[in-house]
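Below are two complexes that have chain A in common, paired first with chain B and then with chain C.
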Partner chain A sequence: MTRALLVLLCLLALSAPALSQAMQYERPVDTAPREKDIGGGYTTPEVQKPLPRGAWLLILDFALLGAALAASVWLTIYKRSRRAVVWLSLFSLVYFGFYREGCVCPVGSLQNVAVALTDPNYRIPILVTATFFLPLIVAALFGRAFCGGVCALGAIQEFVLIKPVRVPRRLDQALGLLKYAYLGAAIWFAIQPAASRDFLVCRFDPFVSIFRRTGFAHMYAIGAAFLIGGMFVGRPYCRYLCPYGGLLSWCARLAPRGVSITPGRELDCGLCNDACPYGAIEKMRADQAGCLYCARCYRSCPVDRKESGLIAIEEIRPA
Partner chain B sequence: MSLRATRRATLKGISRAAALLGMSGAAAFLVRKAEGRVVWQIDTARCINSRAGEVGVKVCDLCLKECVVTQSAVRAVNEYSQCGRCNICPAYFNVTSAVSEKGVPSEKLCPRDAISRKPIGEVDPSDPANNFYEYVIDEAKCDGCGKCVMACKEPAGLGSIRLVVRHNLCVNCNSCAISTACPKDALTQLTVPESISASSRPAHSQS
Partner chain C sequence: MTPRILRRATVLCGALILACCAVLTFDYFQTRLRAPAEEARIAALQKEVRQDAARAAVLYAEQQRITRARDARNARTQRLKWVLIALSALFVTGAKRIIESPGAKPAPSKLPTQSSKTTRRPIPRPVAGSNGPPAVDLAFVNEVVAREGTGPEAAITILQAIQDHYRYLPEEALERVCEMTAITPAQITGAATFYGRFRRRPVGRHIVRVCHGTACHVAGAREISEQLRRDLAIPDGSDTDPERIFTLEEVACLGCCSLAPVLMVDNHASGKLTPAAAIDALDAAHPREPA
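Up next is the complex of A and B:
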């Protein structure tokens, strides 16, 4: 007890000089001195104001989006190469996802477009408008090329899909309606007056915190849940929740071209039916609204092997 | 059957043309009003660290903690024209630390040593306490923790240091995480007159 008291006293004695030396702070001036009071030819420096990200970088983003869309169409419906689509997805995941940290993305931009269309005081840059409309226009002409090799949110799910499970068609269709409800809710909350406005799609973006390696716990949890689910159910966010996917599938229904299982170029054998993890092949024909441009059906097609003589077609006669 | 197929194809073509036309119309409307864009800014009069009257309260470091950008998009900025150029700047020095042999506090306040101090104007080397000093914040080091902002405030300082959203760092989230967390709703959105990209200077509100 006495020893403890002694230690305490020693400590106090040691710290006392330091305490007594802490100076009483006094402000010497009441107003900022002017240049002539400072003298010596002093000029007040400019306050540092770094410029926003350069215009050409934003234009580069948009150009890369356009190029990736063109590549997705070319590689999928003309080259029919799954391998090339995988490389394109990897590029998009790295650039649009991890490097640009998932922003600006067409998925979230739908809210900004909705606000800008309804609120006269809200403006969006031309490049955001272009980012929103370009994939939709491509979808109206060629199908959902954006979903395939371009969308970073799609790509991250594409790479975790290891053991696809077929979702019963009825359930698949019913769950698919969720994205339209989400689309409606996202627009509804976005077009509220500025004070009560909310951006649901961004708030519950499942993968943006993974791209940024930072974020709220709930965002990480949603992302992890989708990635774990996505190991067995192909791209669950894209098929059941993505509100932009809803818009894209409306446009894709109108497309004159798209992923097609053509009797002349493919063998009408039905192997592609099992290869499609997204339930987008029905009666051996691709459903444009649900097709996510992954080109798995083309990889599964044995037509190349038949042409190179590795396999032959045999008619099965009923016994 | 073939008639039905033709009719369906025609209908599809018409809907497609209508959809493309509608999208172009909406895009044209947005492009025409796109002479500006919306950015986040901090209202100095609301921010706890800079607003008058909030003295003796804890420094708010939510700008540092909440921002989704690593090292935050918020920086402390010294508005030089309003700076007192004090010898012992309460934002530069930890004024409660012991006095060194140079007659100034021995410790600095900034945990990242982002502020530099140099004498300006007519310098009298024999009387350093009577000189004016310039305080420059290194933007690469500053992370917007707010300590210097709180220290440089009436009555101790003149309040020339404020927290500012740096638009070269801000990724312009639709729901800014700092604005969601800020207890004083100090983050507001401001429309600035910039077209496509923002190549011109951002309009920081400094007042």
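Up next is the complex of A and C:
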């Protein structure tokens, strides 16, 4: 618990420079020619996509993110209901994915925060900073609740997972290192001077072209490849590439609470081990760093199913 | 929805997904291939207009035509993308249903052939005297009593030895023990009924323990037991088939829940069973006589 608090303090300390920069900014649009300057009944076409959102809508987005995180924690580790987590994922996929078209998402926001920390001329709204830190704080307290029912990128992969195959542990661990390399590359390209800056995570986001139903053909192909692979390998992007997942798993290691499989409440029968498509159950215990909060282990657990009333135990009469 | 309709609908969805992808890919390459020619044509027309203003109408018409064609294609693409997303959702749902349905794992044709095999194990004649306990040779009882002594403290040891020898506690043997020792019939009956390990009825050659622990119960232990009882033609209220080959026991847990459902034939465990696989496990222990 003390370790978690320490990490929280560190996170807050880290966020201080970003917060100090996070103020409302005005774009100097006065310099551009306005409709009345042009005259002749000219109307400016709506060329900007996505159009800027009203402030209260941005606050609503952030409130929904917070609510979804709270719901994910509540439904997964207290209610232990897979069904409810699926509904939450569906909501996140529709709202954060297809309606909000994958923006603002904490995964990409790590680049904005990295730039804001390094470039004195770059400012981000406080909501972006908060969007970046909130899932990390939740992860440091409860584990990767963001990955479970909240992340739209995770949800779309969660739904296509039809027949999970077990990735050999060695290979799983080796591929898991890729996300840290990607994290390093994403930060490196983001903190370049403004002229050569590049947001790799957003540019190569495999599913955002599906959410927006527009994009480069090669991004569609990459997205489709991830989804087809994701039918058999559980959430390949989250486990092997997502840079934010790397940050979350660091924070989740310190979580005092989280998805837990105990010999006292559950019975160490190993069914959850077979049910986990992400290889996050090691020696019958949940690995907080790898657990993606899908609650499949609880669905497979006879004890939990009995407690939630899904099954009943009948007495067996001797023959 | 029946499994067959579900399967067909899923396959249909898959085919439509492929068709959508094909149309989108075709559109994409068609646009890519046509674009340079269209651009060139517009550029040429623009050049002409610069020399001859009368050509402006042609340029305008051409631009309108190209724009309309592109708009139409874009609209179709957008519609197709929504259709594709909806179809993918249906396909994934259907495929998940098919894979998770309990009938998916064993080949569906396997069960009927199994039940037809039942004829190979002779179906019992219901009231052939074979159901009564076989005659018991009591010489062993004398031997045990001589070895273990005649005091009440020897009761359990004697019972264990008798069960080891006869594989159950024959009524005659217990009576003989009472005659020969200081143990009263009440003490014998008390010990023999208190411990679940002591059997009062003759057992078959093999003891089959079907796990009915929580995990196995959930994974279908009841179906396994029922199928075995049917297959072995064990009458209600009994636990042994009339041929006395198998005795069926339902036990609380065999300690390997990850293999659920599990059964043990004597000391050999088989896991991840289906009703058909359970019969196979019994056949492996005691092959059927050919019909």
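Couple of notes before you dig in:
Here is the rule we go by: the second predicted complex is superposed on the first by the 251 of 319 C-alpha atoms of A that agree within 3 Å, B and C clash if a C-alpha of one lies under 4 Å from a C-alpha of the other, contacts with A are read in each partner's own complex, and residues count from 1 in each chain.
By our rule, contacts are C-beta pairs under 8 Å (C-beta built on N, C-alpha and C of every residue); 3 or more make two chains touch, one makes a residue touch a chain.
Since the structure is predicted, the reported quantities are computational estimates derived from the model, not experimental observations.
Of the two partner chains placed around the shared chain by superposition, neither chain B nor chain C is touched by A:A84.
Contact with neither chain B nor chain C is seen for A:A70 once the two complexes are overlaid on the shared chain. Counting the residues of chain A that each partner touches, chain B and chain C differ, and the larger count belongs to B. When the two complexes are overlaid on their common chain A, residue A:K306 makes contact with chain C while staying clear of chain B.
When both complexes are overlaid on chain A, the residue A:I191 reaches neither chain B nor chain C.
In the superposition on chain A, A:P125 makes contact with chain B only, not with chain C. Of the two partner chains placed by the overlay, only chain C lies in contact with A:L271; chain B stays clear of it. When the two structures are aligned on the shared chain, A:L175 is found in touch with neither chain B nor chain C. Looking at chain A, you'll find residues 213 touch chain B in one structure and chain C in the other. Put simply, chain A touches chain B in their complex at residues 18, 21-23, 25, 27-29, 31-33, 38-40, 42, 44-45, 47-55, 58-59, 101, 103, 108, 111-113, 116-117, 120-127, 129-130, 133, 136-137, 140, 194, 198-199, 202-203, 209, 212-216, 250-251, 253-256.
On the chain B side of its complex with chain A, the touching residues are 12-13, 15-16, 19-20, 23, 26-27, 29-31, 33-38, 68-70, 77-88, 90, 95-99, 105, 120-123, 132, 134, 136-137, 139, 155-158, 160, 166-169, 171-175, 177, 189, 191, 194-199, 201-202, 204, 206. Against chain C, in their complex, chain A makes its touches with residues 159-160, 162-163, 210, 213, 217, 227, 231, 267, 269-271, 273-274, 302-303, 305-306, 311, 313, 316, 318-319.
On chain C, the positions that touch chain A within their shared complex are 28, 78, 81-82, 85, 88-89, 92, 95-96, 99, 212, 214-215, 217-218, 234, 237-239, 248, 250, 257-258, 260.
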